[in-house]
Amino acid sequence: MRLVPLSDKVIVRRLEGEEQTAGGIVLPDSARQQPQIGRVLSVGDGRRLPDGSLVPHQVHEGERVVFERYAGNEVEIDGEKLLIMREDDILAVLES
Amino acid sequence: MRLVPLSDKVIVRRLEGEEQTAGGIVLPDSARQQPQIGRVLSVGDGRRLPDGSLVPHQVHEGERVVFERYAGNEVEIDGEKLLIMREDDILAVLES
Amino acid sequence: MRLVPLSDKVIVRRLEGEEQTAGGIVLPDSARQQPQIGRVLSVGDGRRLPDGSLVPHQVHEGERVVFERYAGNEVEIDGEKLLIMREDDILAVLES
Amino acid sequence: MRLVPLSDKVIVRRLEGEEQTAGGIVLPDSARQQPQIGRVLSVGDGRRLPDGSLVPHQVHEGERVVFERYAGNEVEIDGEKLLIMREDDILAVLES
Amino acid sequence: MRLVPLSDKVIVRRLEGEEQTAGGIVLPDSARQQPQIGRVLSVGDGRRLPDGSLVPHQVHEGERVVFERYAGNEVEIDGEKLLIMREDDILAVLES
Amino acid sequence: MRLVPLSDKVIVRRLEGEEQTAGGIVLPDSARQQPQIGRVLSVGDGRRLPDGSLVPHQVHEGERVVFERYAGNEVEIDGEKLLIMREDDILAVLES
Amino acid sequence: MRLVPLSDKVIVRRLEGEEQTAGGIVLPDSARQQPQIGRVLSVGDGRRLPDGSLVPHQVHEGERVVFERYAGNEVEIDGEKLLIMREDDILAVLES
């Protein structure tokens, strides 16, 4: 079974514990908004502009991303918890 | 009797119990927003852009979809409970 | 005396009791938003796009429609209660 | 002395008592929003579109109109109470 | 010293007492929004449209205008209290 | 050290006491919104329109301006307190 | 490991203590909004206009910037606390 995101939606698997901090990234315990880290599993066909054309996604399958803490809806598929969020909720890509 | 959705509206039959989890999808009991699962019964003729043209729907009759938990208005027609929602409320299509 | 709706407005007579459920539709008593059912009496000349052109109404005189529960302003004309609502408040057309 | 409404503004004299119900219209005492009835005294030169052009008013001097209950600002001129409202606040024209 | 309003701003001197009611206008004590009356002292060069062009002001120096009660910022210049408001806050022009 | 404002931002030095009232302007103690007075130190390269072009600033270095009371962020640079605000927060230019 | 900001996002390292005040800038303790100071580490490829084209960032890697106090999400990467913010949150560039 496969989850296919619509238009500007992105499917992300949240990384936790060691998997998340691999490479030295840490989410500090501060008064600011704390993002989360995950891996992109699939992306929709893009965001539609007012003139009807599509802007392709900037993130790609397999990339590790930092996203807003409360972004997304959560589903569990074949035993794996996934988030469905808008690309707008993604702040940056983590390159190793 | 048939329910014909207008423009960007979509008619969805909510799936519950075993019918919903068929194929291994589960909606985890978490602090995040929990979506729901349903099957598309019919779609309107699409969303109208500011220039007046129509963007056809991305979901199609018969597809299984994941949608925002509180999306839609509920009616019961010929003994079947249906939801009328906007396509924007649909997050992803479930392919088996 | 006749009530002529402006632009994107639609005049609807709400159906109640048996008249409403004729054909098997029921509004279930649930926690979700419950729409209502009515018959279209007249429509304005359409919604104006930002470029000034008009999109004609999708609903037509005589059609039975499902609309958002709290849509519209109510007036009573020649002894008949009518609702004046925007077409946006109409969710679907009921075809027999 | 004359009150000249700007752009999308309309000057309306509210009708009350018998003058209002003449022709059989009644504003029922219900839980819904209750509109009011008035006569158009003058209209501005229209609503400006984003490209700068003007859409002329759909209502005309002398017409009887149904408008949102709390629409408009009230002034009294030469002993007559007038409302200055936007055309958007007008729902329908009453034709006899 | 002279106050030059920017773009869509208008400088208005509020009229009070006899000066305001001259010509028979009265602001009734009602439950509705009560506007105020003033004289236009100067206007900016107009409102800018999304395409960058300017729409000149509809009100002119010297005109008596009716405006929203709480419109504007107040300054006192050479002993005279003035209001700086947007033209959008002006409802109508009073012609004698 | 120099503070260079971005796009539609303007750097303003707030005037207080005698410097502010020079020329006869006073900010009356009223129930209305009270603006403040300052001198423009530098301006960004302008506001960007939806089509990507720039509208140059209407205020210029050295001008005395009236601005919304709570406009801007405050910094102190080389011992001088400065405000960084949007041009939208500026109501009028004071010409002597 | 490298953090690559998306579209209109900017990665900023907040400056504190002596590093921040170097050059004479101070954030006064006032009732107004207090911005913060940081150094730009990297920028996305720009903000997308409604027609789909990109406006490149106005700030560049290495620049010292003043930004809104509560702007951004905080992450810690290789022991360094970073902020991911939108360019809109940046008020001015500090040139020495």
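When the chains are written out, they are named A, B, C, D, E, F and G in that same order, and each has its own residue count from 1.
As a convention for this text, a residue touches a chain if its C-beta (ideal position, glycine included) is under 8 Å from a C-beta of that chain, and two chains touch if they have at least 3 such contacts.
The model shown is predicted, which means the values in this text are computed figures rather than measured ones.
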item	value
Intersection of the contact lists for chain D and chain F	E
Chain centre separation in whole Å, for chain E relative to chain A (CA means)	51
Inter-chain centre distance, chain A versus chain C - centres from mean C-alpha coordinates, in Å	41
Cα-centroid distance, chain A relative to chain B, in whole angstrom	23
Shared-contact residues (touching 2 or more other chains) in chain B	50-51
Order of the ring members, counted from chain B so that chain C is second	B, C, D, E, F, G, A
Chain C to chain D touching residues, read off their complex	1-7, 9, 11, 48, 50-52, 70, 72-79, 81, 83-84
Chain B partner contacts - residues on chain C that touch it in the complex	23-28, 30, 32-35, 49-51, 53, 55, 58-59, 66, 68-69, 87, 90-96
